[in-house]
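The two complexes that follow have chain A in common; it is paired with chain B in the first and with chain C in the second.
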Partner chain A sequence: MDAEIQSKPRRLSWPAGLGGRSEKTVAQLLIAPGQLLMVFIVLFPAAVAIYLAFTDFQPTSGYQWFDAYKGWHWFGNYWEALKSGGVFWTGGGFWMAVFRTVIVTVLGVGVELTLGFALALLFLKTFPGRSVLTVVFLLPMMVVPAVTGFIFYMLFQTQGPVNGALTFFLHDVLHATGHIHVPWLSDPNIALFAIILADIWQWTPLMFLILLSGLVSLPEDQLNAARILGARFSDQFRYLVLPMMWPIILIAVIIRAIETFKIFDSAWLLTTGGPGDATTTISVFLYRQTIAETTRWGFGSAVAILVLIMVSLLALRAIRPIEAAQEESIGELVGADVEAESVSLEQAIEAEARL
Partner chain B sequence: MSTRGLKPAGRAIAILVIGAFFLFPLYWLVTMSFKPQDEWSPVGGKIYWLPGKWTVGNFTQALGISTPNTQFFSAAPVDASKPIVHSLLAAGGGTLLALLVGVFAAYGIARFRAGGKLLPFQILQLRMFPPIVVIIPLLIMFTYLHLVDTYWGLILVYGAVTFPFVVWLMRSFFAEVPREISEAAIVDGCTQWGAFFKAILPQVRGGLAATALFVFILNWSDFLIALVLTADKVVTAPVFLNSLQSAGAGQEYGPQAALGLVLVLPPAIFGLLIQRYLVRGLTFGAIKR
Partner chain C sequence: MEKQDPRPERTIPEEPAQTGRTFGRAAFLKSAGAAGAGIAFGGVAGSAKAWTRSSRNAHLARNRLASGNIGGPTGFAGAERYQYGADTAAGRAILGLKQLTNNGKKPITLSWRIWNGAVGQLTVPFPKGAPAVAALLEKETGVKVKFIQDTPNNNGQKNLQTLSTRDGGLNILQTQITDNGDFAEGKMLRNLDEFVAKYRPDWADPKWGYAGGATTVALMNKYNGSVYSVSFDGDYQVWVYRVDLFDNAQNQKDFKAKYGYELNDFPKTWKEHDDAAAFFTKPDGSLYGSGDLKNPFWGYVNWMMRYVTAAAPNQHYFGPAAKPLVNSRAGITATKEHVASLAWTYPDTLSKSWPEQYAAMGAGQLAMASMFSNATKFITKGSPLDKGFGSKLRTALAPGRMVGGKLVRRSVIYFNAQFAVNAFSNSKLHEAAYLVLQWAGSGQIFSWMAGNPAGYFDPHGQSQLNDPLVRASYKPYASDELKVIIPNTAPPIAGVRGANEYTQALDTNLQKALTKQASPESAMAATAAAWEKITNRYGRAKQAAAISAGLAAWPTGYKYHL
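Up next is the complex of A and B:
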């Protein structure tokens, strides 16, 4: 056997460096194209943005971008963004865009988590039609986000089906008079909720799937023990399910928050940032400033860098749980703190028994 | 876990109510695509919960099979056949590029810990930034390289933004293949290269297909990148949908809905095919079902 292996000549193949001798070389070659692509999409754009951010460059300035120093502005762009005020909730400017993005993210992800968790609990036990229904709940997240924007644009028309349904229920059920004409998309005070609703519709299913896969892999033993000990559902939930699910909840929330923070497609098709600035989130703000309405590439670059800094600071904290989870199976994720938590459940049950 | 708190009937009602909420927007899209023009958004405020007269005119118009006849007195025919083809080419090309780059990187990371601990971290971080942040510099760069409004330009960016997903998905598939397989292949006289193609890659066929479909869905769904980096030679379907929306020449709800439905079909079908890997992909490989 040994002799046979040794007698086989090492085949030469292209490229010569991949002869199988040095694993390090092979590894380096394998990731080289990926690194090249990252340089292309990150490093070069970052360098250009940092440079342009100090200038008042516009594509209509009459000179090339590398001559942008002709319009040197120092920190003028940053200052303009940072000192921006604006009417609360509906105003223009950088900070209001940040504020609205945070609102969309917090409200959207909050509702998605609650609704997704409730659904996951409902789907935990098998029932006839469960797998078919799971597919139904899967569908929204497969919809192209731009199409989501268009669908909700139709739904939220003043004479559209949402108001139609509201009229139907309030008119016939509550005996209110007249038709309901909520101007969903043209009232600056409520237009943002249309965008949040569209996001909730599209992404609750992902929350649901993540949480469901966590729930089904919860260790049965502890839960059975708790049930036999007579723990109430609310106690089981609070002392067992929630702590064990915590790593998964954290990951789900982080990932959804990252994605919602970037929101653009559905928002743009729904309202194009309007009325006025009422639905201008960060991505929409940048697009309007640099392409759609004005072409202030210098200012846009400065805003982009501010966003980059903010996201990086958040990312430092947000990345760890995801990275750790990539190495673990879902069972390991939910099983991590079981010992400690079942003790606290026992204490809770005892405490209740004493009462 | 016990859901004793809820009677089966209560649970059924809860599921049905939430299910109706999640189905209705899709129901509206589908029915709208079969409605004739006078039912799209009637002036009187009447709402057609079901199409009064079913028609496939919206589809034939959106797919460029027929131009609108007198029944459709729209200003310009809504022909999305070219944008759909453009979308297919750009998304397909971007997927190929992402796979080409990502599969090797994933193997390097999974098998040789290439790039140390930092590379996976950087790749993850890449996904956290809103794409609009790099779009202006990219636009500048593309202007110089004459890549604005071309397939190649779009494919390049699609490949770059989706290859991280390939890395996460494929990394976990590669990790499941025992190291001994490639070692055995090398002992049998294969090079590292040969071992990868002949021994490892066939082991992850299924994962590779799922990854390809997943990345295709992502690229097919893109709107922002195409909106900025293309003008009129290459128009992807979502950008075309948007241009109809903002045209202001009256809402072409019917054909738009038909186009929307056509746009939704491939991701819906592919998504159901790769159900198992959907969550893994969308959570950057953190949740493995």
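Up next is the complex of A and C:
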């Protein structure tokens, strides 16, 4: 038995009858159906979108999508998108939609990160009811986004609970007469923030979850050492926790930024992009252009490709600090004088073992 | 494509579907008990029903067709009103279907996409003793209809799927009047001219046809001069008002003292409307002068009612060569008035829709509001429209303007439920599908359907508005007023490709004007610019030709009272 375990695994020989094909050829043949399926699933829709983006195709054109060349448009759709902006803040063009999306992403993810981190730090210590509260805090992210949209649609009614709470708590502070009526969803200066609030409510728990899992995995010996040496909490946080958490924070922010950039469900349900265009984010813009208001699938494809390029560039740029952090941590493990690029897996394992 | 309403306010407050009855255990025991009792007492009193000569004759009369008729429902008092002879639109359709099915020996099955809240009018027997409409069709012709139910919210996307995939699985599709241009140009709708010429529907018939005659037919069923759909609804905008407020002697006296003229029973001009609305609005919010909607998707039709009355007989949306006219003085004035009307409606009206409006009207919080024609149908015990003020509501045609010595008053219709033959479906069944629509949409059958509370298709025809069942449901005063409103109804932007796009551009800019993001002038200028882009994209000549053909759908009369 021992001998069997210790011996090298016996190499499987190919059964006879493969027509003398090499092992590599057979392997390629075996994975070919899967690969073809992947090509169909991933590449085909992408190719169709790229093709349609060069046309002015609409399903109401009277011909099918593969005949879209009849309305060949070259880069007309891209040009139309790129030159459309409109009046600042209220305009309905592509760039204003991008601008609003960036506002939602920066504010939404920023607040989610801050709240999520604060909650995660609070939940690091044990206290009675912690596990129950953890589950409660995670509930919002389990709600279907469309339902979140509907919940906040009800909350933000002028005579809804949010204004009711404002009236109760701030009536005297604001010297208000009667019920406070904040038109959350119909004031162009406020409506976008209502959408951001809904996003924060739903996705702070995810940020909390990721950051909490990062915090609990931090090496306790270093934190204990700092504590014993008399480091204040702020110093521990600044010089130990934050640097060690940095890659996790980046990952959490990237995940949420990419998701928020595509925000649609709650935005559409709360305001349908209005009043006017005041809350038209990029996904809402796309939906309005392709299904809700018109069927400009050619133009919509061009906009979708522009968005894909933007998000990809953003992701590439955002991933760079993670790679740098990884390189740095491995570099520290094997010694500062060893260039990170040249570190092999064996060296890293050896260094870790030394520690 | 159909306009989507993805928001909660998309719920049109129309009558809930009664697509079937649930039969619970309690109901079963109750009926079983009753049946048992019937058997027991029947045994005592005798097993046969005691017929008298008159009751037997009445029973037989109810279950046979009236003399000269070849088809129609039986089994209830008054059924003969819905029966038809061979030389009627319904009769020709039935005879055509019988020929196609070889008198039922070669049955046909048709698939019909329909809103789930409306299907009951075709599948639920009404009144007591009557068959269901679809059952009668099958019995008379051997044509079986398979209903594929859908919600109004999803219907637009489903049609788009059908169009983009050229899906011929359904024979009859549910559309709206604003879709006809796009779907006809997309080749999804079968041109029905050939069948119309062959079977002569009664749509323009003075007795059985649409109120408004040929003009309404052009509005409802035609695109670019050809028939592409058949109307099954009447989404006319009706002004509902509290008659007690207008009849109140003190109000009349105070109004005259303030404005220097008499308070009419309902305002005849927009100026009078605005004065009355301001007069009735109370600062404490207990009464608002006018609750016409301003919210996205639904509010623009109230702007249209003001706009189209700026010229006699009508102020059109487009001029020659499809040039936009909304940036004219008429458009800017209508926009200014639309914005000003925020002063006499409830707070945050932009996020309010039909449910709030119907409830506010029923609770007596609104003096006037533009509503669907079904509003009076909902004045039933316990409904939102009968919270104390239902009996005080009356209906009227929208106010208008004096133009060249003539009073121009126009309502505007919304999308309206239409049915069309799917051009991608089996072409051998196109004729049968059309004939089913001609039959079900005929004066006789639709009058029978419109009175059925199991669905929300509203009446739009003369015979329907005279029908006792419909009048009982919609109230006699409202039925009579509809006879005035329908012939004076102007189209929305319809009968042209991209109708929904033009409408959305207008709606978006109206929202900007209402929320002070843009002035009325710049909002209308932006609308005109957007319309020009749309027109150029679809081809100016083609758009201009369709708009020109659509002029037949505009009313020209000035008759407002019976």
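Note that the second predicted complex is superposed on the first by the 269 of 355 C-alpha atoms of A that agree within 3 Å, B and C clash if a C-alpha of one lies under 4 Å from a C-alpha of the other, contacts with A are read in each partner's own complex, and residues count from 1 in each chain.
FYI, a contact is a pair of C-beta atoms (placed from the backbone, for glycine too) under 8 Å apart; a residue touches a chain by one contact, two chains touch by 3 or more.
Owing to the predicted nature of the structure, the values given are computational and were not obtained by experimental measurement.
Trainee: Just to be sure I read the superposition right, which of the two partners does A:L107 touch: chain B = first, chain C = second, or both, or neither?
Mentor: A:L107 sits against neither chain B nor chain C.
Trainee: Regarding the shared-chain residue A:I248, is it in contact with chain B (first), chain C (second), both, or neither?
Mentor: So A:I248 only meets chain B here.
Trainee: Quick check for you: in the superposed arrangement, does A:F137 touch first (chain B), second (chain C), both or neither?
Mentor: After superposing on A, A:F137 lies in contact with chain B but is clear of chain C.
Trainee: Taking the superposition as given, does A:Y153 touch the first partner, chain B, the second, chain C, both, or neither?
Mentor: both
Trainee: So in the superposed three-chain picture, is A:I180 touching just chain B, just chain C, both, or none of them (first/second/both/neither)?
Mentor: A:I180 sits against neither chain B nor chain C.
Trainee: With the two structures laid over each other on chain A, which partner does A:G92 touch: chain B (first), chain C (second), both, or neither?
Mentor: After superposing on A, A:G92 lies in contact with chain C but is clear of chain B.
Trainee: Of the partners chain B and chain C, which touch A:K262 in the superposed model: first, second, both, neither?
Mentor: First partner only, chain B.
Trainee: Thinking of the overlay built on chain A, is A:T272 touched by chain B (first), by chain C (second), by both, or by neither?
Mentor: both
Trainee: Looking only at contacts as defined up top, I'd like to know whether chain B or chain C touches more of chain A.
Mentor: Counting residues of chain A touched by each partner, the higher count goes to B.
Trainee: Per the contact definition in the header, classify A:A225: touching chain B only (first), chain C only (second), both, or neither.
Mentor: In the superposition, A:A225 contacts neither chain B nor chain C.
Trainee: Looking at chain A, which of its residues have contacts with both chain B and chain C?
Mentor: 65, 150, 153, 157, 268-269, 272, 291
Trainee: Can you list the chain A residues touching chain B in their complex?
Mentor: Per the touch definition, chain A meets chain B at residues 5, 8-11, 13, 18-20, 23-24, 26-31, 33-35, 37-38, 40-42, 44-49, 52, 65, 115, 118-119, 121-125, 127, 133, 135-148, 150-155, 157, 159-161, 164, 179, 201, 204-206, 209-210, 213-215, 218, 223, 227, 233-234, 236, 241, 248, 251-252, 255, 258, 261-262, 264-265, 268-269, 272, 282-283, 286-287, 290-291, 297, 300-301, 304, 307-308, 311-312, 314-315, 318-319, 321-323, 325-326, 329-330, 333.
Trainee: Which of the residues in chain A end up touching chain C in this complex?
Mentor: By the definition above, chain A touches chain C via 56, 59-62, 64-65, 87, 90, 92, 150, 153, 157-158, 181, 183, 185-188, 268-269, 272, 274-278, 288, 291-295.
Trainee: Looking at the complex, which residues from chain B come into contact with chain A?
Mentor: 1-6, 8, 11-12, 14-15, 18-19, 21-26, 28-29, 32, 41-42, 45, 47, 49, 100-102, 104-105, 107-109, 111-115, 119-138, 140-141, 156-157, 159-161, 163, 167-168, 171-172, 186-195, 217, 220-221, 223-224, 227-228, 238, 241-242, 245-246, 253, 256-257, 260, 263-264, 267-268, 271-272, 275, 278-279, 282-289
Trainee: Using the touch definition from the top, list the residues of chain C that touch chain A in their complex.
Mentor: So the residues of chain C touching chain A come out as 1, 3-4, 6-8, 156-157, 160, 163-164, 166, 182-183, 185-187, 296-297, 347-351, 497-498, 500-501, 504, 508-509, 511-512, 514-515, 517-518, 537.
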